[in-house]
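In the two complexes below, chain A is the common chain; its partner is chain B in one and chain C in the other.
Up next is the complex of A and B:
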């Protein structure tokens, strides 16, 4: 075989193998680039089995999957920016993460040594994609905002009152987390993992621990598993309460907004008293605490539920509120599936996918998936309502299994782990994946693909055709974090 | 300057936070702490602000925007760093696209509120103290 046909074969196999995984109904966990010219996808099938598909860059090029799998369009742009590998055939290879301020030769994930010189003294703006034509206005928002929110830059193409196209320029908050994790001794990585995102921190901690345990061959004691469920569900409640409180703010329903925030605050105060942190940072690394706090948590749950019932009544009887949410920011089921939507945004279109049904951690639980369709703001609101109540039940059940005293001293991660492992969980914002490569106890590569990352392009699609004035409402119904997308 | 004892208008810029600091700033506006009660508020434009509140370690992409917002705040003005990241001692300190806090990215803050994230009650106390001085 000559070189050209060999290269062609590599290309065709890469595309074909990935398409057949997708057609088999597998879930794409991540598309990951590596320093040694390797690119891999990891797929998960419904029975929990994982499969990797690999390709190798030739002359720093690889075949783009984006034309047939639009959900990886961002991932491939990111690999192009951070490694300098070019996805050949990509329909839109504008910079995603890097800005004109980055030195041309700077590919942060490519080299181990810091070959960094100096930021260019120019504006960080990347070219925007806009719609051109008569009567079309371009409206730019951000990166700084008028309230207390994370930074993002949005370029709207508008006609009259309606949005034709939204080009979301995220990564304003890109710090370089994946690189910062490389070569860190494993104990020092823990606080950083916790802080990848304030809204999904427990899910990130879980992924990290489960990756390390997988490599170390640790069998996690059942009592520790129940504690983990309690922490994951406590975070889901916290995050959903926040998001449910924000949606009424999007339509000026201040009473529901403020009472929602008050519920969140009381839950947060309670969690801080029990687990020592208002956002549960580093909470899962501690394994010893629970049994003694059982009653405290039970009481906290009762008092939250009392507030919750009143709040639910308040929001369900306001027909005007539901009218405002109905039919706004619609995501069609086909589009959600095509773009690889995850979490609440996906389930709100009628797709019953929740990673908890596959996670071994939840094997003794029956996961109830809300049956909601419509894909609009209302549907996303309803999914969260039901999921909060399901989390109450899951915590109750877990508390019952926490019998007696848990004497478990916290597990110490061995200092000599080697190998590659992929871990995942259902965060409040959907499928959250970590791809971890270790060598002799040191992190070689750490790739984080969070739920928000997958859903940003879905949000951009959801706002098209809606009134500009509804953008805040639609945005809040997704309530995507920037931090774990930008990293 | 006397007016400042009665009111403090804040403009916020997130410069790479993990969003927990933002959530705690938002908690200041909830009915529990109700900062408006003390004459403190968050305003939409830097032109209307007495002080700029910065969260996050200041990413390189946000650095020029942060500088522009600061330049737009009328004098006399104050710069407030909220959280360990902005204070220059957070977990992202050594990441390649982080400028390592407000001081190295812009200038020494007039007030630094430590914590990861700082408790909202502590933020409120320190803001009120600043108003008195």
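Up next is the complex of A and C:
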């Protein structure tokens, strides 16, 4: 067999294997690049089994999956930017993370990139995709916004009051988290993992711990498991309360906005008193839970539910608010599935996928998935409303099961772990995946693919065809995280 | 002589107290949201602060950008002069409603022009929006004032309420005119549900988008103009549709009380409603226009006048 046909076979197998996984109904966890020319996809089947498909780059090239699986388009562009591997056949290989200021030979995730010369002295703008023609205006918003929002540059092609196309340039503040995690002693990685994202931090901590425990073969005590459910659900409530409060702001419904934020603040203050941090950073690493704190949490939940009932009444009575949300920012079910939407955005289109039904952690819980089908702003609002209430019930249930004291203050991660493991969880913004490769207790490769990362392209699709003035509303109904892109 | 005094003091009070009345609406809104809200005097503080700041302009803007705030401030100050603060004005004092409409259009034209001149995308979007909104506000305003024209045979701002007490049957057309005027006034003032004066979201802005590029003294003038418009438009409604007493001085006092109540009422309304879809604004203004026309028909039908 000559070299050319061999390369072709590698290519065909790679594409075929992945498509057959997708057709079998498996969930794509991650597409990960490695330094040794390897590219891997990890798939999760409904029964919780994971499978990996691997390909090897030949001459720093690999076959692009994007034409048949648009959901990996960003992942492949990111690999192209950070490793320099070229996805052959990718329809849109514009830079995603890379800015023109990076020298051409600089690939952050390759080892050789440590000794780059210096930044190019050019404008940092990447080319935007716009619609051209008579009467079309290009409107640029950001990267700095008039609010406490992270950096995102949105290039709108508009005609009159209608949006034709949105090109979202995120990745403005690349932090190099994945790079920083490499060769870091495992104990020092903990705080960094907590801070990947302020909205899904507990989910990231859970993924990290679950990956380490998987490698170390630890059996997690049941009380610790219940405590983790409490933390994950507390975060879901916190995040959903914030997102729910932001949606009314998009239509000038300030009473619901401010009262929603006040409710979120009281929950957040309560969590800070119990778990030691307003955003629950590093909260899951502590495994000790005092009986007094259990009572404290119970009281906090009761007071939140009182405020919640009032707020729900306020927003459900306001017909104009529902009129503004209805039929705006529609995501069709087929589009959501094809673009790999996750979390609230996916469930709002009528797809009943929630990773908590597969996560072993939740095996003793029955997860209720909201049955909403509209795919519009209203649907995403309703999904969050129902999920908050379901989280109340899950926390209550976990508190009942949380008995006895944990002996150890926290589990110490062994210093000699070796191997590769993939962990996942359902964060407030959807499926959150960590791919971890360890060698002798040192991180070799750490890949994070969080919920918001998958939903950004879905948002761009959802706003096209809507009124310009409705963009803030649609954007807030997704409430995606920028730091998940700025890793 | 008394009328002269009332009118001059009325105009001065309308201008000087305008930031205070805007502040009342803001405070009521804040309370409804569960916040304490800023001081009632915040408007004055902001004007003072802006006046003391350096004023810069976008690189590609022309003289239009420089003069527009002054033009709109002047136009609105003249509107304040045209309103009979004591219910009546001295014989030689102009107080024609058509001139008021013209001045409002003039202000809108210059604000829109300034938005375009600044060459920002939001300014252009805002200019297009206020022009579209204006094309709906103007006919609605004319329709609502149709009642004044029908009853008095002219467009001079005259109280028409006293006529209604004699004909209780005529309360319906009067009520329609009040509602119609309230709807148009809210749109004209750029308040919810037509426009949201408090938003930070550039994409949803109308009036605010046109003045986004302003700062320093030019911004202070724009804000002063908005405040004067606030008191003038509200007071105008009360003058021709509201009750008026025999004494001009008492009328002036009544105006100030009415302004306070209206500001509070507006704060409550703004807390209860959400902003309308942009494409629904034509319906909103169409309703106001329909109310104005219906009022005239009803009076004619009842054999009024």
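Descriptive notes on the structure:
Simple rule for what comes next: the second predicted complex is superposed on the first by the 481 of 487 C-alpha atoms of A that agree within 3 Å, B and C clash if a C-alpha of one lies under 4 Å from a C-alpha of the other, contacts with A are read in each partner's own complex, and residues count from 1 in each chain.
As a working rule, a contact is a pair of C-beta atoms (placed from the backbone, for glycine too) under 8 Å apart; a residue touches a chain by one contact, two chains touch by 3 or more.
If you're wondering where the values come from, they're calculated on a predicted model, not measured in any experiment.
Touch criterion met: A:195 reaches chain B, while chain C stays clear of it. Contacts of A:251 after superposition: chain C is touched, whereas chain B is not reached. After overlaying the two complexes on the shared chain, residue contacts for A:262 are found with chain B and with chain C alike.
Contact with chain C, but none with chain B, is seen for A:471 once the two complexes are overlaid on the shared chain. Contacts of A:146 after superposition: both chain B and chain C are touched.
In the superposed model, A:137 lies in contact with chain C only, and not with chain B. By the document's definition of touching, of the two partners only chain B reaches A:179; chain C does not. When the two complexes are overlaid on their common chain A, residue A:320 makes contact with chain C while staying clear of chain B. Of the two partner chains placed around the shared chain by superposition, neither chain B nor chain C is touched by A:381.
Taken together, the two complexes place residues 146-147, 258, 262 of chain A in contact with chain B and also with chain C. Listing the residues of chain A that touch chain C in their complex gives 137-141, 146-147, 160-161, 248-255, 257-259, 262, 318, 320-321, 323-324, 467-472. Residues 12-27, 29-32, 42, 44-45, 56-57, 59-62, 64-66, 69, 90-92, 94-98, 116-117, 119 of chain B are the ones that touch chain A when the two sit in their complex. Taken together, the chain C residues at the contact with chain A in this complex read 29, 32-35, 121-122, 124-125, 128-129, 192-193, 196, 198-204, 270-279. Chain A meets chain B in the complex at residues 99, 101, 108, 114, 116, 119, 123-124, 143-144, 146-151, 171-177, 179-180, 191-192, 195-199, 201, 242, 258, 261-262, 265, 278-279, 281, 481-483, 486.
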